Amino acid sequence: MEFAHSPRTQDLIKRVRQFMRERIAPVEAEVLQAQRAAAHGGDWTRWQIAPAVETLKAEARAAGLWNLFLPDAELGAGLSNVEYAPLAEEMGRSFLAPEIFNCNAPDTGNMEVLWKYGSDEQKARWLTPLLNGEIRSAFCMTEPDVASSDATNMQATAVLDGDEVVINGKKWWSTGIGHPNCRFVIFMGLSDPEANRHQQHSMVLVPLDAPGVTIQRMLPVFSEYDEPYGHGEVHFDNVRVPKSNLIKGIGKGFEIAQGRLGPGRIHHCMRCIGAAERALELLIERGLTRVAFGKPLLQLGGNRERIADLRIAIDQARLLTLFAAWKVDKIGVHAALTEISAIKVVAPNVLEQVVSEAIQIHGGAGLSNDFPLTALYATARVLRLADGPDAVHRGMIARVELGKFGSLVKQAGVRA
Amino acid sequence: MEFAHSPRTQDLIKRVRQFMRERIAPVEAEVLQAQRAAAHGGDWTRWQIAPAVETLKAEARAAGLWNLFLPDAELGAGLSNVEYAPLAEEMGRSFLAPEIFNCNAPDTGNMEVLWKYGSDEQKARWLTPLLNGEIRSAFCMTEPDVASSDATNMQATAVLDGDEVVINGKKWWSTGIGHPNCRFVIFMGLSDPEANRHQQHSMVLVPLDAPGVTIQRMLPVFSEYDEPYGHGEVHFDNVRVPKSNLIKGIGKGFEIAQGRLGPGRIHHCMRCIGAAERALELLIERGLTRVAFGKPLLQLGGNRERIADLRIAIDQARLLTLFAAWKVDKIGVHAALTEISAIKVVAPNVLEQVVSEAIQIHGGAGLSNDFPLTALYATARVLRLADGPDAVHRGMIARVELGKFGSLVKQAGVRA
Amino acid sequence: MEFAHSPRTQDLIKRVRQFMRERIAPVEAEVLQAQRAAAHGGDWTRWQIAPAVETLKAEARAAGLWNLFLPDAELGAGLSNVEYAPLAEEMGRSFLAPEIFNCNAPDTGNMEVLWKYGSDEQKARWLTPLLNGEIRSAFCMTEPDVASSDATNMQATAVLDGDEVVINGKKWWSTGIGHPNCRFVIFMGLSDPEANRHQQHSMVLVPLDAPGVTIQRMLPVFSEYDEPYGHGEVHFDNVRVPKSNLIKGIGKGFEIAQGRLGPGRIHHCMRCIGAAERALELLIERGLTRVAFGKPLLQLGGNRERIADLRIAIDQARLLTLFAAWKVDKIGVHAALTEISAIKVVAPNVLEQVVSEAIQIHGGAGLSNDFPLTALYATARVLRLADGPDAVHRGMIARVELGKFGSLVKQAGVRA
Amino acid sequence: MEFAHSPRTQDLIKRVRQFMRERIAPVEAEVLQAQRAAAHGGDWTRWQIAPAVETLKAEARAAGLWNLFLPDAELGAGLSNVEYAPLAEEMGRSFLAPEIFNCNAPDTGNMEVLWKYGSDEQKARWLTPLLNGEIRSAFCMTEPDVASSDATNMQATAVLDGDEVVINGKKWWSTGIGHPNCRFVIFMGLSDPEANRHQQHSMVLVPLDAPGVTIQRMLPVFSEYDEPYGHGEVHFDNVRVPKSNLIKGIGKGFEIAQGRLGPGRIHHCMRCIGAAERALELLIERGLTRVAFGKPLLQLGGNRERIADLRIAIDQARLLTLFAAWKVDKIGVHAALTEISAIKVVAPNVLEQVVSEAIQIHGGAGLSNDFPLTALYATARVLRLADGPDAVHRGMIARVELGKFGSLVKQAGVRA
């Protein structure tokens, strides 16, 4: 057992930290405020990217801090999950950093999918500009009219018709679709309800400007529109794209989705941990500098014990996420189902818990936009639902656990 | 012991419910949406009240459902706290109802203060139009630069200068100050730092248009501006009002604040309970009508147990709040310190807990404005801080509890 | 609403308290230590009652503090549930008090059953000596081989054979069966598996010395044998009793069990609350008198906040239990299903929580027999299982709650 | 980062598991029952070791599974903490295993102390027979009359008087002192109250048969005497031992205690995790094989979600403990203060949580001695207090955390 990061990772951590401290931190508040001010009540057609963002992206790229998430050594940094994870944690401390380093969801997941499963043509058209940070993309899976935590509920369709795929349905929580540079989505739909359970769905590349694609609205999360990324409700009405836009072919949607899940969840969870560290810092700074009843707030009541509990929770979440990353690297996603579901429950909940305590210590200020706490809270809540709500992941963990008791489970007639 | 409400209360509950169901519910969503749409990024100068509101106020008044909170039998309904409490619960189910019934905080507290301590002149000028629902008011106590949970931190001043009171300082979280009809505030400030600890502060009536009063900004709560009420940051710069604007005289601020606290907290907590009931209904309705893995969501995992826990929590919070109300009625605020602090901790936390579970059952929809859940969540969080954060109330309860161990406490040299 | 106890109840509370303080408290530790010392590794044949107990019983009876639980005004005190509840709370502070006042479970439940449903002959033979405190009794329902939280699992039988009832089966957790004065049990068994679901079971009076009745062993609870009451495993092997020993007739078991549940659970829960108050006192006393790092323990870390949380939890549990009692009195057990299940979850868990914190403050001493904390902990745990584990009661509450959503529940095809 | 155990560790895990499954498991229940039956109400003078134990010890030694805890490659297995940790986890699944493998606390800690700090004479006389499993030992630190979580409270004395050390004071919770083979204790006492804070105490080797040493009683833990190890209260009355019995010299007690803490806590916590795994297995086995309301218990209510939460908690606790072990190995105890305190809070609490849920699933059976659940619960509670209660460790973690905010902490005048 060796808990130290590799020298290369250590070096990258140091450089990412330095870049974030020296280049991003000084402008972050200003950029976010400008973006928030330009929310225009959810009217994404008017959203803009702050000029500082493009400058910083260029700098990050020049500094070799670009596409660090991609396991490909040439196109990306060639890092394993366990090597990239601590970098994702660092980026999670900032709302801006992921985009600056070209490591922003859902583009990261989309790039991985294209890298792994895309045709040469698809790579040339979609992957390259994504890797260059020239365009953005979205992922269309969740649907407004059904409980999407159960994939078999999916109503949207992607049906072959000659040389074309015909796409219909409603999707929402399509994150990033409000970005001015967003050019396409990966759409998942039902292709053949008669096929084997794992071969019914397909993933298709759909340009945002294809006829029949309509962004109905942007969805606020705790009243924030998350501009300029945005979470959109998108309707697809007889959208037709060439068959060559299918990723890996008809009926491969489920297989691709599975491959996408592991790394994506690890990234999300590590960013949560970075965010939790930041919230804890804010808590402590406020608690040391505000005085009530003659003492700094942290010296009152159970506040010191609270800090201890939060430190323990964060450290445990980090270790579990790194372990999940290692397991995915070494044995694969299927051997790490418990760990991937476990971190999906743990990390956002830890973030929620830390932020919640930080808000209490900040008093009214914590509820306002003077601090990033409510935005961090919203982040936590989104992640308690995105990619499956807590309860679904608990169900998955229980299933694996019971699976260890083969004969008893069989006797009991229980699903495991 | 008798847990049944009096016949009169039962009748009022029935009538309030009916009015809310028949008159308010049908227009509520529309009114709220209109108000939200008109938030104008916190620019309260453009806030408006929906016309439906004034119509409904007139109807409520005509129906005898007006000023129910006021213990005065002529000016109000003459109800005790324990009689009004269940009506506050009903109103808490709606964001609109309290204003319709002229039972909206902080006007209720301000009306009580004026009714109890105001001079005839003050009553004529401020109380009467408040009782008529013609004007609104705010309360200026919390300050941005200090931990206001400790009243001795207060920096704002209200100093006698001849026949005038000179007012200086910064206040924030002045709720209701964004209302187009808001005309005055009750300002609390330090008058004499040399006086006895409980006679240093004064409360003064300050017209909003007095020279030197500036609303700096409206504070968002989880990114919502709570229009058209709003939570303002207000600066007072050498504001001068006649000495006759002092409530009950110089140095009486603390005494008045004490009297205000009990009923105000009971109202807040009962509204929380009503809000929690509504959130639980939303949870169950969604959980019964959405299906995943072949079952309604409520049949999955621990969801039924969650409903049980929420039901238990709500019922306990209600009983404790009613008990606190009864104790305030029968023995007075000072005998009910534990109960008042206890409900201040319990009720908003129960609301937070119910809403949090309801969001999980709603999935992404719960995070958006399609449901009132995030607004209810924000309500809960505001109330975990307003009138003292949870931790301060826990401290108060512990103090009373230790006070029962007189000689041991003395030996131990502990504050109780 | 009126939260004050009636003058009569207030007087009884005062007298019970005084008796407990002056007569029971001084000898309690000694009596318990003597009983514990005489546990003889679970060999109940050697268990003895301390002489002080009979003396105190006589005194309590003389003082009019006898059979207070029984609603019958002549045989008992004629108190309603809500009137008796606070007396049960007082008794719950002591392991000895319930027996002294002849209010000990399961005799109280058995006496109620005989009083309500017993024939004159049964009353003369069993009820009168129980009311006199001359004999003790047990209740045989739970079975070792099946999950007894589901009554339909019951395997033991009580079958009519001419003028006799033939009894077979294994029972355990038959509390009180180790008492030297225990003379009979109420046995519940299956009489007719073909009958209507609620008419399959019967309750039968079985003398402990009937041929075929064997106490197999006493069951320890957290390694304590709860001498001289004991929890027994009892086997019934073709035990024959006259048909007249049936309570209310064949097939009436379920009906009687229902009637027994409400008051029994209220008594248990109120005793829990008394026990929790005692544990909180012990916590505070220890916390004020032990010093670490220069301060009384209670001044360290989050201990004061813990006290507040415990006070809140206890007060809420008490109010909910009193409300359940009132509802049972006024509207009946069936209208109070939620409340009865809710207190069954809440009260033992609150006791567990208070005791757990008290143990932490006591350090190692809290784990030993120098303090009653581990015994109180065991009490809490027993009550989280007896009469149905927490999870079953949560299930019941959810069922009632969903029942309020009739048409939705029907559409969803959900059990409610 | 590498989460896999070294090949050597993997081999040892396999062999320990096999030995436990094949040799220990078959006799364990019988041995424990025999020991429990021979508790004799705490009369340790009659305690005996089951013959099977010595046989198994010899077998374990022959199999090379002996003294695995000792980092010395000749005297022990030469394993680092991170290598030994998973073996401790395996042993924690059994109450018997630690003694069989000669890895039983507090002998392990005592052996480490003697190995690191003992003189040749001390090693020959005490260490060698301990390593051979011929004798047992105890550790005397905690005192009945003061809060021993604060070491400066210590009242017992170990004072130089010529060539002798004179020992006085009362100690309790001296674990292992009831073992028939216990021959000596390591006693910690105050030698010089005037010395530097970290040089006031000394550790002395005291033969159990030295004049003036009296075992007053054995302390039960949740009414169990933990025979044949026992937790004793021991009085030292002018006990005189030669100066050469001082470990490392006068005033070195604190230094030695510090060195002892890290590994000892890691061992305890890993055993907790093994115990938790066992409790979870029992929970699942029971939950799959008992049926209520037509389903295996695990299919009811929130039970599957509970299993998931327990799995997550156990896995997180394990990773944190392994990380602490690694940090102690690589950077030393002082760099791992947060982690050592964190696992001391986490691991016993996780065990408590798992056991508590397991008891609920077992129903009444879980409270009895038919299952090891109450004994596992007692283990958890002991460890939430031994070596410092949870609250003290939380305080330590907070102190380290605040220490990272150097200048703010200084400004705030806060201890960190």
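Per-chain numbering from 1; labels A, B, C and D assigned in written order.
The rule is simple: a residue touches a chain if its C-beta (ideal position, glycine included) is under 8 Å from a C-beta of that chain, and two chains touch if they have at least 3 such contacts.
Which protein is which chain? UniProt says A, B, C, D = Acyl-CoA dehydrogenase.
Predicted model, so just to flag it, every value in this text is computed and none were measured.
Asks: Counting residue numbers used by both copies over all numbers at the interface, does the subunit A (Acyl-CoA dehydrogenase)-subunit B (Acyl-CoA dehydrogenase) contact come out same (over half shared) or different (under half)?
Replies: Comparing the two copies, subunit A (Acyl-CoA dehydrogenase) and subunit B (Acyl-CoA dehydrogenase) contact each other through largely the same residue numbers, since over half are shared.
Asks: Tell me which has more C-beta contacts between its two chains, A-C or B-C.
Replies: Between the chain pairs A-C and B-C, B-C carries more contacts.
Asks: Would you kindly tell me how far, in whole Å, the mean C-alpha position of subunit C (Acyl-CoA dehydrogenase) lies from that of subunit B (Acyl-CoA dehydrogenase)?
Replies: From the centre of subunit B (Acyl-CoA dehydrogenase) to the centre of subunit C (Acyl-CoA dehydrogenase) is 42 Å.
Asks: Averaging only over C-alpha atoms, locate the centres of subunit A (Acyl-CoA dehydrogenase) and subunit B (Acyl-CoA dehydrogenase) and give their separation in whole Å.
Replies: Here subunit A (Acyl-CoA dehydrogenase) and subunit B (Acyl-CoA dehydrogenase) have centroids separated by 38 Å.
Asks: In angstrom, rounded to a whole number, how far apart do the mean CA points of subunit A (Acyl-CoA dehydrogenase) and subunit C (Acyl-CoA dehydrogenase) lie?
Replies: 52
Asks: Identify all positions of subunit A (Acyl-CoA dehydrogenase) at which a residue touches two or more other chains, and write them in rising order.
Replies: Within subunit A (Acyl-CoA dehydrogenase), the residues that touch at least two other chains are 301-302, 304-305, 391, 394-395.
Asks: Contact residues on subunit A (Acyl-CoA dehydrogenase) for subunit C (Acyl-CoA dehydrogenase) in the complex?
Replies: For this pair, the touching residues of subunit A (Acyl-CoA dehydrogenase) are 301-302, 304-306.
Asks: What part of subunit B (Acyl-CoA dehydrogenase) is in contact with subunit C (Acyl-CoA dehydrogenase) in the complex they form?
Replies: 1-6, 82-83, 284-285, 288-289, 296, 298-299, 304-305, 307-309, 311-312, 315-317, 319-320, 322-323, 326-327, 330, 338-339, 341-342, 345-346, 391, 393-399, 401-402, 405, 408-409, 411-414
Asks: Can you list the residues on subunit C (Acyl-CoA dehydrogenase) that touch subunit D (Acyl-CoA dehydrogenase) in the complex?
Replies: Going by the criterion above, the answer is residues 37, 39, 41, 142, 144, 146-150, 153, 172-173, 219-224, 231, 290-293, 297, 300-303, 359-360, 363-369, 374-375, 377-378, 381-382, 384-386, 389-392, 394-395.
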